[in-house]
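Reading through the structure tokens given below for one structure.
Chain nomenclature is as follows: A, B, C, D, E and F, assigned in order of appearance, with residue numbering initiated at 1 for each chain independently.
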Amino acid sequence: MFYHVKELQYNAKPERPDPVYAKKLQEILGGQYGEMTVMMQYLFQGFNCRAEQKYRDMILDIGTEEIAHVEMIATMIAQLLDGAPAKEQEEAAKDPAVEAVLGGMNPQHMIVSGLGATPTDSVGYPWNSRYTIASGNLLADFRANLNAESQGRLQVVRLYEQTNDPGVRDMLSFLIARDKMHQNQWMAAIEELEQQQGEVVPSTFPKNLEKQEVAYSFMNFSEGKESAKGRWASGMSMDGQAEFEFDESPKPMGQIPILNPSPNYVHGTPI
Amino acid sequence: MFYHVKELQYNAKPERPDPVYAKKLQEILGGQYGEMTVMMQYLFQGFNCRAEQKYRDMILDIGTEEIAHVEMIATMIAQLLDGAPAKEQEEAAKDPAVEAVLGGMNPQHMIVSGLGATPTDSVGYPWNSRYTIASGNLLADFRANLNAESQGRLQVVRLYEQTNDPGVRDMLSFLIARDKMHQNQWMAAIEELEQQQGEVVPSTFPKNLEKQEVAYSFMNFSEGKESAKGRWASGMSMDGQAEFEFDESPKPMGQIPILNPSPNYVHGTPI
Amino acid sequence: MFYHVKELQYNAKPERPDPVYAKKLQEILGGQYGEMTVMMQYLFQGFNCRAEQKYRDMILDIGTEEIAHVEMIATMIAQLLDGAPAKEQEEAAKDPAVEAVLGGMNPQHMIVSGLGATPTDSVGYPWNSRYTIASGNLLADFRANLNAESQGRLQVVRLYEQTNDPGVRDMLSFLIARDKMHQNQWMAAIEELEQQQGEVVPSTFPKNLEKQEVAYSFMNFSEGKESAKGRWASGMSMDGQAEFEFDESPKPMGQIPILNPSPNYVHGTPI
Amino acid sequence: MFYHVKELQYNAKPERPDPVYAKKLQEILGGQYGEMTVMMQYLFQGFNCRAEQKYRDMILDIGTEEIAHVEMIATMIAQLLDGAPAKEQEEAAKDPAVEAVLGGMNPQHMIVSGLGATPTDSVGYPWNSRYTIASGNLLADFRANLNAESQGRLQVVRLYEQTNDPGVRDMLSFLIARDKMHQNQWMAAIEELEQQQGEVVPSTFPKNLEKQEVAYSFMNFSEGKESAKGRWASGMSMDGQAEFEFDESPKPMGQIPILNPSPNYVHGTPI
Amino acid sequence: MFYHVKELQYNAKPERPDPVYAKKLQEILGGQYGEMTVMMQYLFQGFNCRAEQKYRDMILDIGTEEIAHVEMIATMIAQLLDGAPAKEQEEAAKDPAVEAVLGGMNPQHMIVSGLGATPTDSVGYPWNSRYTIASGNLLADFRANLNAESQGRLQVVRLYEQTNDPGVRDMLSFLIARDKMHQNQWMAAIEELEQQQGEVVPSTFPKNLEKQEVAYSFMNFSEGKESAKGRWASGMSMDGQAEFEFDESPKPMGQIPILNPSPNYVHGTPI
Amino acid sequence: MFYHVKELQYNAKPERPDPVYAKKLQEILGGQYGEMTVMMQYLFQGFNCRAEQKYRDMILDIGTEEIAHVEMIATMIAQLLDGAPAKEQEEAAKDPAVEAVLGGMNPQHMIVSGLGATPTDSVGYPWNSRYTIASGNLLADFRANLNAESQGRLQVVRLYEQTNDPGVRDMLSFLIARDKMHQNQWMAAIEELEQQQGEVVPSTFPKNLEKQEVAYSFMNFSEGKESAKGRWASGMSMDGQAEFEFDESPKPMGQIPILNPSPNYVHGTPI
């Protein structure tokens, strides 16, 4: 169960309205790697957790924090939308600056939400839950989480570069720090799990049932060999079980597929 | 540019039709972490690559392989659909076994694709490109790739458990091995990049601009302290820059938000 | 900002697993009118609220409760999935009861979430934020909320009828009661707002700017006059401003549209 | 069955082209609460209607009117797109006014529809049928309809404010009036049904099966008591069955959830 | 503007309920090529039509007919859902036949629509408007229409095979006949337009601006020459402007792409 | 299985960056009729092909070519995004030209992809697989393909008109030529199939089972008879089996639908 306190986790006080920037900021609220994504991803991972209680507790702690991040960014966007000009009210309609603002805004910020944040990304695409994963295998999921915090911090940093409002930057500097912690956190949890079960997900599938011949070879499906120069093409594999191989010109190992004609009741192409 | 050869990368020969299993197998073809996802994700990462050529080449090699994985699974599904009973043709309509098959099938395998694979997942939801990411930052993207191969291999293993058709299992044992290699490959590439630039994405944002006070503390947003027991709550941080802290009862640091009343032309709640 | 406590708002303890029912129960978790919808709808209405503080507080209180409803139903679904049979493990594969379970399950509950709840509806369609509205006009939004709680309670009641597990029914009886309260709550808030501003949304648009001739007439776009028999076709209008009229055979009042030919650079149909 | 007449229900004659406004106007054509939504929602409610014939007839009458609203707005948009500048044709490419138009347009109005309306909203997101509901319970559905007409009229009014084209405003003044009538109409139908069956949907669920203890209490999930000040927190409930209560600090009533470890064949986190 | 008459265009009277078949029948109501698609596609093509009035009139006539097809199929589905068993009401819950019905039904037909048709396809995926096109070029669009009627009739025929209910088959035999007419109709309109403007869409782009060298050659991007055996690889081209060529081993004509490093403010991969 | 070569199929070298045009060009990459659509549509048609091998080979040849088209356009977009201004870096932030670029760009090109192409259309909507069809009936599918190449070429031509960059136009002139060939190719394949099996899809449904009375009549669902003037309303039908008829005022042939009241357990409208 959850409780709310009225204060934000950190300040969300822009120095001045900026409806065009409000549109961009939506990306880290309702985008593929926005706060709604990590919030729902962590909550579902926690609710579904069948592992040790310390994991469930940790995941739900961070999930609960993310709800507060959604709250902060939504609050910021609402304030950035203050003073968005409506064409008619303003004599200034022919003023190019006003026009630029109107053109650069998300029209739904005016028409649909009436100057409020929307649960969408920077092009207005609605958030959907296929952005999230809770697989029941924590090593797999913590990799998803590390990725989400990496993509997310990258996007926040890019948004930081696109404004010079000190209030906005202050809030973003908080989020950038938390995303650094969250990357560290998932790396720590991943290290813990990898030490227990090994690096490959899932660790419980019997090795003898997998096609060993192709389990450690890099296949070069192009002309030229630049791809041989990386760590992935030679040396000990990361799971410490074999040497990487470089297969310079991989050959097909399968059949030429010939499908049966379709039965009459399918009304496929007559033969 | 691309060329096709008619042979499959590996055999896709089921021993017998199984239309119900065909529905399930769609998950690793057109699902969130299916082969279409890694195929499109790697191709776009490669096409957009602004880093060293060895990365572009490596990414496109694996992206090209994934097109062949799409081909193999689609071929397998088409064969599993052979012999799917149509209600009318069969006198056996009242046969419970036939009924079970009809009930467990994806109806679109009969009505829409006429016994062919569809670019959808195991509940018939269409593949969409928001499953993929190509961010322009390879460390971020390789973490996305490692996650995709981890979730993907987990799903293939679960599907392996749900059939006893030797032909299907043979193909899956190949994919399971390739997914192991691909996990190893992305781990290797990640290690290489982390050694050059550090563990936190992006590595190029100035530390002094981020809110240092909260950059290494785990915040315990619940009663109880199980979450203190993990690697993430104490000891050196994973980026080696600080000690993890455990903030037992985190307090809000921000304002109570009070938004301005909306202007008249928005026709919000009258006050 | 938010805090979590480990106990559920109410018990979620099924008497026995039932993977087929788990699939159905997803509707009120991640469906169009499931708990995720009201949770996100109320949180965004609260975060964006520009009206009196009592409204913001009330909306966020109920929004916070809804997160706990998501938690309860997710927990219930995970437990209903316990013991879901995997085909191979079970000798019983040819047992029709097992087959029925396997056929009636959501395959993603096995393949994707590993026996956990998913943020999707009963056909596996992912939740998306276009299910929600926060318009900045509270009377409009409270009508959305009243509708959501009406549709939601109707669905919970229908699900109650489809199980006889006492534990499931116990949890549903709690949700049914809360949905009754929530319907009452939104009706109360609506009455309060309607008494202040009138019944029509928005109340602030000048009456003289709207086409009065058609503002109170019911138009009968069909043969027969059954539709004249209702309260909407005669008597005082609900906003008390006029009498309802019944327009027995409404006539077009507009032009026959003739569009200009398209310019050359559009390459439309040549004329 | 349906018939078409060539005249529009009301005039749709803009005074001058305005491709930027055309983009915005899409919201009330193909948006969440646009005319396509009410059209499809009412048609399906009518087709599925199992209640008295006067309801079916009434619902289909208004559904049929809404098709004409789609027609009017589509016609308006096509005319607003007349004269949209193509970059090359115009020497004026460096003219900032032209640039502003080009930047503010929906690019698909040029590339995809060739200066025609599209079945999408103001950010180009396609209309989808999850915007609609036909539940088989008319009181629930009429609340959905009242909400749709409230949100819809709010959006039309906001769009009215954003143009000063007399022809566009004339058409909008017609739609604003019809939306007023439609709000009145659904309020009338709701009153009729509530008088017969009571206020809570569905009215047919036995009271003794619902958890009475929590059926009338407002739960205050936050610090502070502003939320106690409203009509919803004290006094007679709206269904007249009980007194509202204010639960100042609601406590969890459920278990701490502990899920079983997952079975081996799921390959969850090893324990 | 539109009018409704209460009779259906053709009878929709199933002999007996069949909730499992109701699920399948949804495909031709709300699927990619269902009646909602052709209805909305034709209406928008008509509303946007900038060509001769006979085309607009013809397109809207058929668009109006398609609304009646939606009505017929929705009515049929509602009747097929009559008598769908609810688990609890029926003692027969352990009856395998009842179980089969429950398992094969779309759960939303019970929970969401209360035994009514839904605007979705046979896997429950909602209809969306990206299924439709109205491009402003009638030759292009009539090809879209011919395709839609071809895919649509194919699906109806497949559904005909899956039932033996005489009432359902009677309705389908009507739709199959209309789809034949509609294929004929679009072929006729295409022939008319091709005779005026030629076969290639759009016909108005100057030939000298297109890369003539590759305008008539089939490129064989695989080993083996089976693809040379078709009409497309030799002989006069269909537009009568050149001979088809067979390019046995096509070579790349473009550069090896080398992208610039990304600027600092993008925080891409450091180099 | 597939191989990659590093050269592009044709040059993709813009003369100068143009981030606003990059946004538009996305339409033919990830839009409804973009290269991703034809690529996936042809690959799945090929993988699923149950007809003569020459068809499978031909379809996969063109499918393989389309992957190269995706590659070319993605490469072009990445280069058009070079030099996209970031607000902060540039003193020029108040420069209207810079502002126009920033306003006209897709914000995700900066925030999400870091100056790379995205698998989306010109409004940022993600590509999804419901844009494609592989029905198992080649005549139906080749009509889909002809339509896709017609819509696609129309869009490329419209984009050609909107730039004067010689490098972009050079690449588009290649695509315009290939789309001409592909239209010719599908017309040729269609002719071949129609000569074998007739014009109506599917050709295998027995004529006596379809409602002959309505199989060749055009129904005039409106006032006025403009629609009688076309080829579709008189003369020999296109399949040569009958004469077209013009039904001036079509009458309903079906029942007035009366649905049964819903059973109690559905909790529909009480009666």
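Here is the rule we go by: a residue touches a chain if its C-beta (ideal position, glycine included) is under 8 Å from a C-beta of that chain, and two chains touch if they have at least 3 such contacts.
In this text, all values refer to a predicted model and were calculated from it rather than measured experimentally.
K.L.:
Applying the touch definition from the top, give me the chains sitting in contact with each of chain C and chain D.
P.N.:
Of all the chains present, those in contact with both chain C and chain D are A, B, E, F.
K.L.:
Same residues or different residues where chain A meets chain B? The copies count as same if more than half of the interface numbers are shared.
P.N.:
same
K.L.:
Rounded to a whole Å, what is the gap between the Cα centroids of chain C and chain F?
P.N.:
Comparing mean C-alpha positions, chain F is 33 Å from chain C.
K.L.:
In whole angstrom, how far does the Cα centroid of chain C sit from the Cα centroid of chain E?
P.N.:
Here chain C and chain E have centroids separated by 29 Å.
K.L.:
Could you pull out the residues of chain B that touch at least 2 other chains?
P.N.:
1-9, 32, 47-48, 50, 53, 55, 57, 60-61, 64, 75, 78, 86, 88-89, 96, 100, 103, 110, 112, 114-115, 123-126, 128, 130, 133, 135-137, 139, 154, 157-158, 161, 202, 205, 221-222, 224, 252, 254, 257, 259-260, 262, 264-268
K.L.:
Specify the contact topology among the chains shown, as one of line, ring, star, complete or other.
P.N.:
Chain contacts: complete, every pair touches.
K.L.:
Please output the residues of chain F touching chain C within their complex, sorted ascending.
P.N.:
154, 157-158, 161, 265-267
K.L.:
What residues on chain F touch chain B, complex-wise?
P.N.:
Against chain B, chain F makes touches at 1-9, 30, 36, 40, 43-44, 47-48, 50, 57, 60-61, 63-64, 67-68, 70-71, 74-75, 78, 112-120, 126-130, 132-137.
K.L.:
Please name which positions on chain A make contact with chain B in the complex.
P.N.:
Spelled out, the residues of chain A in touch with chain B are 5-13, 32-33, 53-58, 60-62, 64-65, 72, 75, 78-79, 82-83, 86, 88-89, 110, 114-115, 125, 128, 130-131, 133, 135, 137, 139-140, 143-144, 146-147, 150-151, 153-154, 157, 160, 169, 173-174, 176-178, 180-181, 183-189, 191-192, 199-202, 205, 209-222, 224, 226-227, 229-233, 237-239, 244, 250, 252-257, 259-260, 262-268.
K.L.:
Going by the contact rule set out above, which residues of chain C touch chain B in the complex?
P.N.:
Residues of chain C touching chain B: 1-6, 47-53, 55, 86-89, 96, 99-100, 102-104, 106-108, 110-112, 114, 123-126, 136-139, 193, 196-197, 202-205.
K.L.:
Help me check something: in the complex, which residues belonging to chain B touch chain C?
P.N.:
Of all residues in chain B, those touching chain C are 20, 23-24, 27, 31-32, 96, 100, 103-104, 121-125, 154-155, 158-159, 161-164, 221-224, 252, 254, 257-262, 264, 266-271.
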